[in-house]
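Two complexes follow with chain A in common, the first pairing it with chain B and the second with chain C.
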Partner chain A sequence: MVKVKIDGRVVEVEPGTTVLEAAEKAGVEIPRLCVVPGLYEGSSCRLCLVKTPTGRLFPSCNYRVYRDEEFLASTPDLWEMRRVNFELLLKFHRIECWACERKSSCSLVQLSKELLVDGIPVCSECPLPPSECLLLKGELCLGMIAQSGCNAECLVSGGECWGCRGPITREDVLERAFARYKELGFDVKDVVSKAEIYWNSAPGFATVKKVAERVAGRG
Partner chain B sequence: MTWTLLDRCCEKCTHSLENPCPDYIECRLSGPLCHDDERCRELRRRRLEELRYGEKGAKIKVPMASCTLAMGAEAVYRAVEDSVKKIGLEATVAISGCYGLDFIDPWLELAAKGMPTAIYANVKPSDVPRILEEYFVKRDVGGAFALKEKTGAAKGEDKVPLLSELGFWAKQYKWVSRNCGVVNPESLEEYVASGGYRGLSRAFKLGPEATIEEILKSGLRGRGGAGFPTGMKWRITRQQKATPKYVIANADEGDPGAFMNRLLAESDPFRIIEGLTIAGYAVGANQGYVFVRAEKPLMAKRLQKAVEEARRYGLLGKNILGSGFDFDIEVILSAGAFVCGEETAMIAAIEGKRAWPRQRPPYPAEKGLWGKPTAINNVETLAHAATIMAEGAEKFAAVGTEKTKGTKMFCVTGAVKRVGAYEVPIGTSIRTLVEELAGGPPEGVRVKAVQVGGPSGGCIPASLLDLPLDYETLQSAGAIMGSGGIVVIGDENCMVDVAKFFLTFTSAESCGKCIPCRVGLRVMWSILDKITRGEGTEEDLQVLRQLAETVRSASLCALGGTAPNPVLSTLRYFMDEYLAHIREKRCPALVCRALITYRIDEEKCIACGQCALNCPASAISKTEGGKYRIDESVCVKCGVCYAVCPVKAVYKVSGAG
Partner chain C sequence: MAETLKLTIEEVPAVAGKVNVHIEKEQATVRVDFGATQDPRFFERFLKGRPAVYAPHVMSRICGVCSVVHLTCSIEAVEKALGVEPKPEVKALRELAKGFENVQNNFVHVLMALPDYTGDGNVVQFSKSHPQLFARMMDINRRILEAYRRICGRFIHTPSLGVASHGKPITKSELEYVGREMARVSKELYELAGSLAEIWKPIAQGFEDPAPTYCVLKPPREEFPMFSNELAFSDGFVVSAERYGEVIEERKLPHSNAKIALYRGKPFYVGSRARMQAYFTLLASEARELIKTLGVDFSNPFDNVKAQYVEVAYLSGLLAEKSLELASRIRSGVAFFHEGTVPEKSGEGVGLATAPRGVLIHHYRVRDGKLEYANVITPTVMNARHIEVAGEALVSWALSKGIDEARVKDLVAALVRAYDPCLPCAVH
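Entry: the complex of A and B
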């Protein structure tokens, strides 16, 4: 057995154990997306990077321990790197949580909450499946353009979203959301005036209005 | 068939492929060793002379390497053959490699007994008859570019300098490239005659452990970029218990502007084969691979030919030189992705998989090709190893710096008068290389920066030209040694545009396996693009820097790990240019198309109408005063008018003004 120290917590593991497995045993949480033990261990997502005390970085999913070693998994710079990295990954993700079945089982949604990354709408937390979306019933819900993180309290208690956590500012997401509103027969102007109630002085509201105008103008 | 040095001299020689003689190599030059016969010695002496002056006492060498071929060496070769026939010269026409001095391509080297060997630079096929006649018939070397030695017998000899006295040669330390341009790259005989395979013979006499010891003593570090001590790599591979082991020569040279590996492999391929054999012997491998770019066909062909020749004479195969060591080499063509130069991606490619790098550790020395211990060395490193084994570690370690011994080949391209590959001791300053060897920038151009280490290197500003070229100094200056490509950037270049150029390359070459490199480089590129269009903000610069740092530290392999270097180094040294683009919407070097305007100076304009004639957008019209003017609302900024104006009346402005 070898001793692995992760963020100050020591665990004893079999030689050849990955740092990620050791961290799980030690109760230290390390985010990751790509590793599926036995199936894919290519260290592609780079979210599980940990640091040695000398500052060298290794993906914890792939680095195996054969002697006593120490790692840091939660330093501010590691989290910052993970955030930037995750944001890059999300950049090319077609965010359309309102049409997605995964909802709370989605690791992108979970990570974006942990890393405070912009772009994931309240729909990701909505308890209703896409087929029962309030919008389909003609109720104007702001879930598609509102920042998630509230656990969709209003929707859970039977109401619609009012966007109290502020707007999403990622233009491509807004763009798809407004197109969806239009498609379902809502007037984009109505959406914006409902949003104005909470967002009138929100920094991102200008972007919302800009995108709304653009989508409305497409006839 | 003529007798060659590689053949047996008489019946007394005991050497055969089935029962090889351990002294075979030494016997070629200073033999015969096993018996004493003046005739056999005479045979060798005569053959050495023949190699030098040809079998008929006169020899014409035409360099045949990619660089000289591109400049028309093949036409020169044909012209030489024709004129030899026409004049009725008794001369041997031979091929050779290239000196790496691209500015003299194509050149001719003429040698005859009693004459100084003369080199003629920039030869055109039409010059050939005259040159041959002057040299061989009139015995006049007056028109030559340089001489290799002086004999005091030829006309005009005092007017022609010796090659070794010329500025770009004198400061070089020809160690690993000593044979480039000198020997016939397709002839094993010439390689042996020049002292080749002495290193392997010596390694066999020393044994594998002492061979590694010798390489360690020399202080040789990997010339592929990272600078890992070669002896150490070999020792770690040797110590692994798993068998079989493999050695690989990394000939997948992909940096734009770097061609030293191609030059070595095309001009002196046997040295690489010998080096790889020594590596195989030292680590205990019986199989070696040469991984070479398919886009460099001549390089691959020469290496393949060298392998076949070495096999034919028992220098590859079973029981090499009676040492009991079996070794063979396979030449593998790379599909040409930049990432294939990364060792783990290369291993995947050789295994027939997609060329994706994998996370290290385990390092290839522990788990490499087919999961077995593998030593991967760069072509130049292997050539160094062969030379060190022949010449001794002390001689190699005599030059260089405290931490890094020996020499390194650098390819200097871009804004210099003498583009070429130069071999200098490590620790030579960038200034010496750029100004003294490469001749500095052409007239009217000032050096603004040098990009050291290829697309993943960094831009070092002209103010730091006195920095010595060694691994550590370059790293702290924000560049890398890389393979040793040096691109000299003149003041007509915009540094933001330069950074964007390199990112265009690296982001396209990213294999896509890990996020930071695949997405990060693309996002960085789009920010740079935004800045060159004059739409950047100061916040963008912060994002750019943060992205660069993340991509650098979080990427899986060295491609992503070094790709942000051009951005980070230009941000560090040329912040003023970035800010000019952002704050003033001005491109100081007048390069970024969105930020410049073309105008015509009516004072200078001679109303020739060339600009209007060539303008693809019909944006130029005649004014009432008879001169020409550009309509800025129609102009597409293609720059044609700027290029065609015979009096340079078209000028560019950027920003307010």
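Entry: the complex of A and C
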């Protein structure tokens, strides 16, 4: 057995255990995305970064301990690096939660909440499946362009989203959202006018209006 | 006592919103100042030109404490303006939601005002001197809220209710739960009355309301009304919703941002004291019995709080009946009452609703689906002038009884609290 110290907590583990597993045993939370025990050994997403007291960084899912060692897993700079890594990964993800059948069991959505990244709409938390989306019934819901994080409070209680927590500002997501509004027969102007009620002085509203105009301008 | 008595209460304690009271004996005036320190919020103006169907969502923000009444009254006004008729189930659920707000809200008001009557002074002290009673009341409040959630989902600013729609899916068993729970709550409230009557002392016994005119909603059917198309005054006058402006006049006060409302130029009052008199014959026999048990004196403004308690007990029972009745009408499983789009018409509508503290009026004019004009008269505005004249009479009454200045101040503060625990809606 070897002793592993993570964030000050000491656990004894079999030699060859990964730091991620040791952390789990110690009750220290480390985010992860790519590793699937027994199937994929990880090292790709870099969300599980930890460091040694001297500052050496590595993914905890793929680092095995064979002697007594110490690691840090929760410092602010680690969380910041994980957030940046996650945002980079998400850049290649076509965010379209409103049309996603798997949104309720999505690990990207889970992580985006832990890491506070921009670009995940309220639709990700909406209890309605895509086929029941309020937009299909002609109700103007702002879920597609609104910042998630409220667990879709209003949708849960049977209302539509008014975006009270502010807009998302990731332009490609906004583009797709506005295109969807248009496709479903909503006037982009009406969407912006509804959004104005809560967002008139919100920092990201200028971006929303810019993208809306761009989408409206397209034939 | 000097003739030039001048008393000021800066910020009446235990009410939401800042209220200053100035008492001047020289001219025998009491000025209750609701709005001197609050900026107007322009609710009636900033929706202009926007879709009328947005009004309920936005207007309900006038008050976070009694949001359901603004929400539903606004919905009624928009529906009337657009000529939309909701399904009977939607209307029934809306009435349930509204009833729940009156029960929960007035129950909390009773709890907050009670220490004035028991001599405890404040709720913390009250909870210490009557720990069991307090715990029981808190438990009742929690259960009312739990039941409320089944109808509306989120408690504050529920997103569930809209124009011609009730968004939260409801199951038959949920409604049955609400029915059972509220029947139990009602029973407990009646039971509790005995022990409450013992500690619930009258304030200013013998003091009479100098302006006994009141206003309530005229019941559209033989039942305590949540909404109506007519207003009824205690002098027998009845006016349709659309013509409220002919008898109720709203004035902006020179010394504050608040408004007051007068009935044919005179002060009048609204709230449970008015309702329990007006609807006396509609009440269940237990409720009428309860009025006796608690010794409610309808001519004393302080007894508004007792009237609230009676109303809460009665309405809990009524809600129980209504929920069970509705449950019997829907088949098992989940029921949705979502309507989708509303026509973009023109028209004018006045919604009337029974707010916890009185009568609420929302008046809209709509052109092609867009809001063109909005006027809102809140119960606090209606009571505002009445509190002042009652306060003036109270000061004279108290001084004639040789009551000292400090107590006079307490009495006036307690009077404000007896009408209303929260005043921000006087400025909207």
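Just so it is clear, the second predicted complex is superposed on the first by the 217 of 219 C-alpha atoms of A that agree within 3 Å, B and C clash if a C-alpha of one lies under 4 Å from a C-alpha of the other, contacts with A are read in each partner's own complex, and residues count from 1 in each chain.
Just so we're on the same page, contacts are C-beta pairs under 8 Å (C-beta built on N, C-alpha and C of every residue); 3 or more make two chains touch, one makes a residue touch a chain.
Keep in mind the model is a prediction, meaning the values are calculated, not measured.
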| item | value |
| --- | --- |
| Overlay on chain A: chain C relative to chain B, clash or fit | fit |
| First (chain B), second (chain C), both or neither touched by A:91 | first |
| First, second, both or neither for A:162, with chain B first and chain C second | second |
| Included angle at chain A between vectors to chain C and chain B, based on C-alpha centres and rounded to the nearest 10 degrees | 160 |
| First (chain B), second (chain C), both or neither touched by A:36 | neither |
| Which of chain B and chain C A:10 touches, first, second, both or neither | neither |
| Shortest CA-CA distance in Å separating chain B from chain C in the superposed model | 36 |
| Touch list for chain C against partner chain A, complex | 50-51, 54, 57-58, 152-154, 158-160, 162, 166-169, 338, 340-341 |
| For the chain A and chain C complex, residues of the former touching the latter | 137-139, 153-160, 162, 190, 193-194, 197 |
| In the complex, chain B residues that touch chain A | 356, 358-359, 361, 513-516, 519-520, 523, 546-547, 550, 553-556 |
| Complex contacts: residues of chain A adjacent to chain B | 42-46, 49, 57-59, 62-63, 81, 84-85, 88-89, 91-92 |
